[in-house]
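Dropping the structures in below, format is structure tokens.
Next come two complexes, and both contain subunit A; in the first it sits with subunit B, in the second with subunit C.
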Partner chain A sequence: MRGTCVRGLLGPQNRHLWFWIFIGPFVLGLTLFTYVPLAWSVYLSFFDAHNTVSPTDFVGLDNYAAMLGDDAFTDSLVTFLVFTAFIVPATYALSLSLALMVNRLRWAQAFFRSVFFLPVACSYVVAALIWKMSIFNGVRFGLANTVLDWFGADQIAWLSTTDPPWYWLVIVTVRLWLQAGFYMVLFLAGLQRISPRLYEAAAVDGARPGWQVFRHITFPQLRATSVAVVLLLVINAFQAFDEFYNLLSDSRGYPPYARPPLVYLYYTALGQGQNLGLGSAGAVILALIIAVVTVVQARWFGLGRKDD
Partner chain B sequence: MSMSRRRLLGAGGGLALTGALAAACGSNTGRDGDDHAGQPVIKQWYHQYGEPGTEQAVRRYADAFEKANVQVQWRPGNYDQQTAAALLTKSGPDVFEVNGPTLDQIQGGQVVDLTDLLSEAKDDFNPAVLAPKTYQGKVWAVPQVIDTQLLYYRKSMLKASGVEPPRSLDALIDAAKELTTKDVKGLFLGNDGGPGVLGGTPLNAAGLTLVTEDGKVGFDDPAAARTLGKLRQLYAEKSLLLGAPSDWSDPAALTQGLTAMQWSGLWALPQVKKALGDDFGVLPFPQDGAHGAPAVPVGAYGAAVSARAQDKAVAKAYVKWLWVERTDYQEDFALRYGFHIPARISLATKAAKLRQGAAGEAVRFVTDHGHAEPLLWTSASRTAYQDALSRIIKGGADPDGELRSVVRKTEAELRRVKKKS
Partner chain C sequence: MPTPPKSRDVRDALVGVGRAVRLVLLLALALVFLIPFYLLVRNGLSSEADITSPGWTFFPGELHWSNVRELFDDPNVPMAHALLNSSLIAVLTTVGTLLLASLAGYGLARIPYAYANVVFYWILGTLMVPAAVTFVPSFVLVSSLGWVSTLRGLVVPTLFSAVAAFIFRQYFLGFPRELEDAARVDGLGYWRTYWRVVVPNSRPVFAAVGTIVFIGAWNSFLWPLVIGQDRDAWTVQVALSTFTTAQTVNLHELFMAAAVSIVPLLVVFLVLQRYIVTGVERTGIDD
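For the complex of A and B:
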């Protein structure tokens, strides 16, 4: 009987055994470090959990009500929307343009592909500090202000001015620099999947190279890649933390503007307040928003339909 | 020579085993000798001080403690958040310095009552910094050193512009405007324009407090909106330096000539003196209104014992030995590396370095005009207040409306913490 059980567990030719040897450690890690903390966070969200992860005071939906009624949290969601409105189209346009340029190169294509891809390897923290301290600092010897000075313009405190909100320029450009190369590679892969016969047929039909071919052949053929890129960009925008935190925070905290949801939740749950119940409720709300937006967007673009 | 996968794994396994044996034999203690072998271990955490020599000093003190093996951890980065998170786990420190502890940490039972450590020495600790470490008559951390913040100004720049050192908030606003040129700004209150570092100081200068002694909101008063509204003027008139490479805690903006006046810490005084010689003076934050008074914030890192400490008795004995009995170490720690005021009044009054010039004035400001953040001023209240101050200064938001919302938030926080007590 025992032998039968073991044989059943191992499966024919030990396939089950090898499956679990290879997959088991990852399943274990995923469970321990992702699913258990996730479930624990949902549990904490229903308790008054100041400075504790094993609370006893059940408060029901109070934390959810408090978070949804908190102006700072709703403001952080608006920050995310503004950031998304800037970064998604900008990254999309830049990475597609780079991909089109690199794809047309007859020589040194690998070199330029690497050059544009290299910033992806740079840490968000390092890039944010370079942007903050040397390019966009607010004094006369910052790179951006030096250039302005050549044209006789006044110095700008890029990260400290809210009217006009120059900090958006800093935040968007650092992320553009860091991520455009990655999406360029995705577009390059998409471009290389397009059959040359389509272009030949278009040429035979008299289509002019350039905008006309791009509009009627290239762009429609990149539809699947475009949907994936936009989905990834939106999810990444929701998860924005590193560059915001390193550009705008100081030892005393974070200004109320340009504070995305994750930064706000970080201060709520892990800052000196250590309100882990409230922070967890915010995390659950944010996760639900991301899930709903992703599903709606996927449906809207028709991701997963048979014709894709 | 080629190496097969089996030999490579064997060699790797051998190295791992050697490492494990070495660790098990205690070779990796980070110490030169083994004077403390077999003794209880105390993990002690410090935040990263900027002054050279401080780390070596605290390791030297730890080595001199004979009853335990004290392992010092010098922790760069966001220290307050690191300790707050570590106190939830068993791997946190036994003894740690803390810019608090916060009321939530005390009420959450995360720190140990240290009242008995002070005994007869209690009266010798500066009451301004002992008060925020005291809750319901019990002391929850032993103050180590006192820090304060001051308004530094360049005498030569003020003289060249015919500006007197400002003694009122209105005079400060006028002076900052007068001192601003194309390359030099009048005043530096931090890269955020002031909300972060100033905190409750402008309210103190208007004769108000964050939380009253009987536990009520201390700034529900028209004077608060008036004073905070004036800070907007500094920003609107472009008199503030913003976006400097280093923030308010570093005196570089003043010493490099980017600003004529800067709000910074007492710790910056030696650096300022070295760079500017006698070409500088210090002032408290100037008063505002008929009921106002000059103000400086005071605070103190204190030594606390975690409620999860393995051996609380030994940890408490160590804190008593280091910060109550060894006054020579306290004086060394406060004055030899950086520049702080010792928490013990007897040490502060006899220290020669604190008697003359700007340092002497700073000590007087602390005594006459010092305000510590009340223990009841919680993190949530602080965030709401700083957000409001930022919106007033940078966005030109209505101070009355902003403060009404902060008062409501603070009242809710006060109700919450009182319910727990």
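For the complex of A and C:
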């Protein structure tokens, strides 16, 4: 009797219940660990919250004013812009070039694809270690300075030279190495979706293989992939933390230059002073900027437009 | 401006030259991409003097395999403990994410429910909130739960991946309905249909999402740095970072530790590479 009762309740006809059995735990967790912190962050940002997560001192928009009036924070936004201006076009060009070259290989395609994709398995921490302690070492034993020495050039203290800002070269190349292979795979997938008939038609029309075919067939056909790649690159650039932190901070702390927003927020909220209210205000500002940039970009590129 | 027509021989020769140039370029780039890995192993197996020698050479004088033992014997470097932490975190995160996200994805794709769209947008909405930006409030939440420096604090908040749920939903939408219908005729409910029919027939997508999640969990840095504050809760990445920035460790040990830290991923990578590639293509949101 009880058995039939349970079976009736848990039977496939009871769809509402089954829907929530499948989805409930996930939605609950997502709410608790994304939406609740978000709401809490907005709440905290209106309070003076030093060293406490249950503040009592309401300060209104003071934290926002302090954050936006703080040169270190606005400088960190500029750092992000400069970083994005370098890393997005560089990664785009390198990953697309790699994909074009690997795609047409008749042999050893899997080998080259693996080699370029391999850095994806490496962490930013490990990569930053190699870059900082082995390639772009400021003293004589680094690879870059050894190569410079072969050509009779002077040694460079890569990470501490601010004029010219050689540290940018270190920061951009480490991320380029780590992520180019990932985007190459996206482009390879895009290239494989292009119909061979388009290339046949182009050949019949007399288009020369190479630049002409790339410009009029391949590149336009990769539009959807390109939009996705640029969008992901910008979002990821905005979240830069690992390589900056590991390349530039040392036992003396973090230098005042090349400090992107997340690094600055990390030190504000969790460093000495633990100013969680101020840190929350910064996080909210940053989240808003990212949301606006993402939406503007998506509209600009017409993401989701059904044109193919 | 039309170019003068070329003879077939000339054109063939040009194509051949182009191909050769491309191959040389690819080989050069491949070498550049592999050099950092080489440096990692080179320094890890060198003596301290070879790493810091002013007369830097590409090949070290001799290889010191004893560096491996030295690393694990050094009481100042909690490498074995950090490896254990990272392994636990990566495995638990992967298993948990696969379970939660695949159930959610299947429910969204297959169980008809009036408010399914609302729930779907509620999930997608979190994609607009970059996880890295919420680390301050998430830290606040986790610390008020008393989870700082605990395995729970390191794993549980990372288990709810909207991207993974989205990939599973897209995949299950394309899953052949005939298989499920046959199970239905046999009298299986949603639950048993899912476990006995759908999961066993979806191994590639589980492998793809699983490897991506595993790599992400193993390599993640900001969250373990924020939450794993006690030395006992350090992951491999946090331990390495601490030594890089504090410079309290010998360079050869540091490089050996870094080399050891990528071994698990290289194994996963080599065994499951084709799943990673299809998985990455699947996350390419451009369909």
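In this section, the second predicted complex is superposed on the first by the 286 of 308 C-alpha atoms of A that agree within 3 Å, B and C clash if a C-alpha of one lies under 4 Å from a C-alpha of the other, contacts with A are read in each partner's own complex, and residues count from 1 in each chain.
As a working rule, a contact is a pair of C-beta atoms (placed from the backbone, for glycine too) under 8 Å apart; a residue touches a chain by one contact, two chains touch by 3 or more.
All values reported here derive from a predicted model rather than from experimental measurement.
In the superposed model, A:114 makes contact with subunit C only, not with subunit B.
Comparing subunit B with subunit C, the partner in contact with more residues of subunit A is C. When the two complexes are overlaid on their common chain A, residue A:287 makes contact with subunit C while staying clear of subunit B.
In the superposition on chain A, A:212 makes contact with neither subunit B nor subunit C. By the touch criterion defined above, A:133 lies against subunit B and subunit C together after alignment on the C-alpha atoms of chain A. Touch criterion met: A:98 reaches subunit C, while subunit B stays clear of it. Look at A:157: by the touch rule set out above, it reaches subunit B but stays clear of subunit C. In the superposed model, A:189 lies in contact with subunit C only, and not with subunit B. Look at A:142: by the touch rule set out above, it reaches both subunit B and subunit C. Applying the stated contact rule after C-alpha superposition, one finds that A:250 touches each of subunit B and subunit C.
Shared contact residues of subunit A with subunit B and subunit C: 53, 133, 140, 142, 250-251, 270. Those residues of subunit A whose C-beta lies close enough to touch subunit C in the complex are 10-12, 15-16, 18-19, 21-23, 25-27, 29-38, 40-41, 44, 53-54, 98, 101-102, 104-105, 112-135, 140-143, 146, 177, 181-182, 185-186, 189-190, 208, 210, 224-225, 227-228, 235, 238-239, 241-242, 245-246, 249-251, 262, 265-266, 269-270, 276, 279-280, 282-283, 286-287, 290-291, 294.
Interface residues of subunit C, counted against subunit A in their complex, comprise 3, 18, 22, 25-26, 29-30, 33-37, 39-40, 43, 51-54, 56, 100-101, 103-104, 106-108, 111-113, 116, 119, 122-123, 126, 128-141, 143-144, 156-157, 159-160, 162, 165, 184, 189-191, 194, 215, 218-219, 221-222, 226, 237, 240-241, 244-247, 251, 254-255, 258, 261-262, 265-266, 268-269, 273, 276-277, 280-281, 284-286. Residues of subunit B that touch subunit A in their complex: 80-81, 84-85, 87-88, 100, 102, 104-105, 107-108, 110, 183, 190-193, 195-197, 199, 241-245, 247, 249, 258, 378-380, 382-384, 386-387, 390-391, 394-396, 405. Subunit A contributes residues 50-53, 71-72, 133, 136-140, 142, 156-163, 250-253, 255-257, 267, 270-275 to its touches with subunit B in the complex.
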